[in-house]
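To keep things simple, chains are lettered A, B, C and D as they appear, and every chain counts its residues starting from 1.
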């Protein structure tokens, strides 16, 4: 049967980070690390730096702010201009609040859904779940996986290499 | 352990997108319903005691609107003809047509005919026929091709947005006063100009502007103020 | 010198008691939801809250049938309990997002053990608050006219009105808080998914967890999103009560029309918010034996926050009073006089004692570390804050410009029923929450453990 | 504006009557089927029935707040559905449209018609002009062609339209409470009449109210000729016996006194409230008085010595609070001082100074001064007043004597006494009570009810608008027609004969007095119209009668029918000795109620809810006690006390009335009715048990004791001074003395911000054709409350019931604030009418989230009911608190009569929406449309009037186009006295007030 990758289990974040770093140094690129909480340095240990969430959020926020203000401007001066308590049609100070709220709203929504989208979530099914021990990944175990799609990957060699990292256990991830 | 089947990935994303479209669709449907004849009665023929045909009386016999709708020029209310008006003719012609029986019954008994109101506004809207006519708004601009209606129906939606269409741009609709009751009136074209006070106009734009001035139509801000229609 | 002893106390009182591992933390918290049998106490509490919720439904139903007149509102006092409760609840709703967002930005790691239920509390409080603007409408079935949607009238909301600002502020605040709360939950939902024995529980949590697997890449994006959200929520949380305060300060009613409102409303909100947090935290940690996670340190810090915000509020009152006198505006000065000596003077004095006098006991460390007393003080503060809103809304309207149209306000039983009802609504939600969701953020607790440290070489 | 009926026969006068009538009858049957037997139950006086009455609107508003009956629930559900109809996208139900069968001449559907008629009250006609929509009278206006009205009205006339549509009016003829018919009634009386014929009518007694109708009087006299032994008695609880007797004392004959206030520079009122409804000629008097109170021209001076604080007292330059008994002493002192021409002479009483100064002030105004005695002062005071007027040479200048307006000017109290003794003496076999309610309001010592019940009067017939306490004790009840339903005539205060013409055929097939009397005299089928026309045909000499008659109908009055002044010589000296008023005993005053008169209007919701001029009380009367006495007795407002007089007792709540003299209390008549109807029954307490023939208006020797209980009173103005409790004072009513004003004319405008003081560029109203504005002259305003009722009638304003008033939810769009300033025992009082100010920078508009209240291009603060969602924010933010909110379903959506009554040009507001004064936008639109359509020109200034302005007898309200510098309103606003209420808030009110100027006598200052 085809494998999705090989999974090594560690029991401390420390161990995982070192292992990940060495695997990356060893030239493995298609790898991922799993931890029950965000671990510092783990991301760049596996060579992941770029992160476009901030950009998405910014775009969302700007879109929200603009739409908010333009909506009000259009309503008050173009769609149905009418004299309210002697105020000018375009009484911009009154429009600030809603503009601000819309900025926040769209920004926030963009941040959350952008993050989910970039993470490819929702994804209830994932091969790593096939490994029974992986259930511990959401408790107190730390996993490193080298994917079968990695050019340097070969079943035996990679397994050997992972064992050399002194994991608690090694298991194959069926795809 | 694996809880979900592979397919759930696609499924879950599908549902998320699906939800968005469903909600949007629902909103759209409501908007449509709001404007549908079911709500507005536009184009809907309502049950009437006597199947009166405007087509026959207007086109066929060439009776002027004001013969029946007498108060249309002096009052907010155009007026529904009293039984008497119908009987002026129908005491001579069609004297034993079955469908006119309710009419004759009313005339005999003195009990009024109960028509169903066709063009109906909510109670908080105040419309005045006389002023619209004075300002050169044609009957059929709002009531539609009455001369081609075998059975009377409401032509426009009579919703606020519809009223505002004209109140925001009267010049697009105005016509000379003498054309107000003319069911065949056409807006001016280069081929068929409209003559007002010795001057002929070749397009509605110029005619509209001229009439606005001539009939002292108040400016848009005035006639879109709330108290124009709501009291 | 009290301060020093506090420092000492803090050193002794860690954020989480020693001796815990990733595993024990995980098990302890998740067990409350997964394995722990539901106690009778829970059922009793839930039952009572639920009855109150039903009372709300009854009151609301009757309101829709008879009209707003069943309440005590009148001319000149067009706003009564409804708006008082609205502002009160919104205020309470500030603690959650404040704790999770602002304290996060301030790297106050102690927040980790209280932010989860504080956020939940926020959501429920805002929900309660949200019911009032709707109920208090003369024609509630037309509430949607406050939203800009295309319609056959080609007519729109009037964006100069603070009430429209409210609609936007509150709905935004609710949405953002909900998102914030939810993404905070995702990893823990993953944990519950993997821990739970029951198949249906597994599937439910599984769906909610959206297949979270703790990948390093995910964590990376997750953290930046969380941080950004915090960054957005921080100005938001400050803006919400500012906007609510505009409802009054934009008006010309003496006692409303004042620039001090925004800051002192926000402070007041945090004040009452923390009071509510404590009123919830103290019994919860007792019942579920969470003293190790919600330690005296938390109580102490919350108490200090209350002390601080309490003084800001006091400053607000002082400025109001000062301006009443200093402005020389006869209407303002009379408003002050009316608060002090008018028909509602007792309410004003008790407000002052509740919000300013009693809380001063928090200077003493013993009180800050005494859950029972802390609970009591919090209750007093919540009462005081409610009274504050009552004074602002009712007493200002009661005697405004023309003496001829002065009036009095007498709440009816329906006013009370509605208020009690929302409290029931709030508690019902709270009870359900502690039963089905981890009331403490598990993954954030893990990061607090010493083992979580990664020494870079 | 008036349209004469094409040819004044009944049909044409009320077009479409036939259909209307049928329709209404049908509606009423449908709506009131179960209540049809009310009369029976009423006879039984069953408690359930009483409860039912109380559950009904508007008293029903009471329990709305708490208990909800299933019926009420459904009702409201229905209503809520109806409300849903107000939202944008709901489907309208199909609606029938019903044309005439034969359209009457001159009727233009959708356009109102106006007909002249008149309302008789205690014999005096108020000339009216009534607006009619498709044969339904909807609004009462004053008849501007008539000398007694000049366009103004009084509250009773304004509210009478509601009385006409009152569903509680008696709707059938009944015999012993059973429904019966006119024909069988006519049959029934034949027998007894035949018997009487033989006896020369010795057993016939007719008891009427004061009658001034020439026709009716003529009919009655004819009847008396037929039955020479029969007697015609006259009684009203609010009668003018004192005036009659006073005249007899002075001139030896009953004469009526008219005043010419337009010629009076110094006026002294001896307890006369001549500026309020109920005083004959008040409408004209107010106009003339106001004319002469012009601070920029001639300004008269008014001294008032009175007991019960009245609006006249409030308007006075000097008010002397005196117990009613002491007035005579004052009058004598004044006479002496005036005639002896030595002010010092006369008196030693504490009011010596007052007398001196007044006398000194009167002396130089020979012929231009005026003494007015109050109707409730004894004859001697009237005689004294005549004497002083004669002495001052006012006769023919400011005082005019004419024949009495009453066709039968007897002493009514005596007349009733005689009737009672006849009944007791068994001399009465056939008693016809035409109008009135003696069982309820006859002097207690006569025991009228007892006499009526127990001395066997063979046949007792009651003719009236209601199945009231008197009808209860009669065999037959014939339901009367409302004056808007009948033909007739009546004399105005000056004798002018006004024609009463029907605006609608009788809703309940009632029979007018004219028809009843002709039935008594054997002609059972004569219509009121025949009788009236026949009489006047007889009176009219020469000329074309038809033309003359039509003019009379069109104008509403008969030219040249006013009484000619008489020249008489006062023969004085024969005055009874001055009463010795024992100073330390309690005096109890009886006054007719400012809102419901003698109780005949007690089922009129508008009047019940009309705030009384000074107390602002609604739905109740109270025991008015002065501050001094309250302090001594330890009384608080709303304490329930027992009043005792000569062994008789009444209990009622106290109202502490600033300015009420010590050792004296006032109670108002007309309340405590047992059988008035839904609105009137059970409201207030009945004061008449203390009222005796000996002391109809006031009596000393009373006793007041606290019961310890309290009773909730519903006043619409909780706080009645401009001084705030912290010692400050607010310049709501800006005021000055004439001297101060002349010295500093612009005093009122201080504090008004300059127009350029704004961050925002203002909206430019200059370029508009119209900019509507209003100015209210508080110097002229006498607080007569007309504007309130006129507004209520014009704008379909709901009444809310006592409970809701208590909660501060009354709906009046226009209110008249009353403020007391200074010494509580004798304060200065001020009236300030406050409609919507139509601010240019309206605070209310800014805060409306749905844009339901916005500005029109002409500067109107529009309120769009159908857009309102009811946040009430606008009201909170309105510094004038003129916005009104429908907290509950206040409008009655079921009663068919009310549907007919409403003004079709104004939206009927429903639950949950805000409403407020619109400057009568419907009238503005109508006039604009007409002007543009007919002439294409502008609305002529003065042609367009708001309802309040039109009804104002003082001409204190002016409305118009402020963009036209020549319009009257612009001229007023240009005056120095003109100021904007709360203008310092920069709201830029379009409604402004003209400061109140008083003309006090420097001698009496300090």
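Operating definition for what follows: contacts are C-beta pairs under 8 Å (C-beta built on N, C-alpha and C of every residue); 3 or more make two chains touch, one makes a residue touch a chain.
Given the structure is predicted, the values throughout are model-derived calculations rather than measurements.
Of the two chain pairs examined here, B-D and B-C, the one linked by more C-beta pairs in contact is B-D.
With centres taken as mean CA coordinates, the chain nearest to the overall protein centre is D. With centres taken as mean Cα positions, chain D sits 46 Å from chain B. Per-chain CA centroids place chain B at a distance of 54 Å from chain C. Centroids of chain C and chain D (each the mean of its C-alpha atoms) stand 57 Å apart. Mean C-alpha positions place chain A and chain B at a centre distance of 58 Å.
Chain contacts: chain A has residues 80, 82, 84-85, 87, 91, 122-125, 129, 135 touching two or more partner chains. Of all residues in chain B, those touching 2 or more other chains are 3-4, 9, 12, 34, 160, 221, 225-226, listed in ascending order. Looking at chain D, residues 86, 88-89, 843, 846, 851, 854-857, 867 sit in touch with two or more other chains. The touching residues of chain C, when paired with chain D in their complex, are 62, 64-70, 72-79, 136-143, 145-146, 151-153, 155-158, 160-164, 167, 247, 250-253, 330, 333-334, 337-338, 341-342, 397, 400-408, 410, 412. For chain B in complex with chain A, the residues that touch the partner chain are 1-9, 12-13, 16, 221, 224-226.
The touching residues of chain C, when paired with chain B in their complex, are 150-155, 193, 202-203, 206-207, 210-211. Against chain A, in their complex, chain D makes its touches with residues 760-763, 839-846, 851, 854-857, 988. If you check the complex, the residues on chain A that touch chain D are 82-88, 91.
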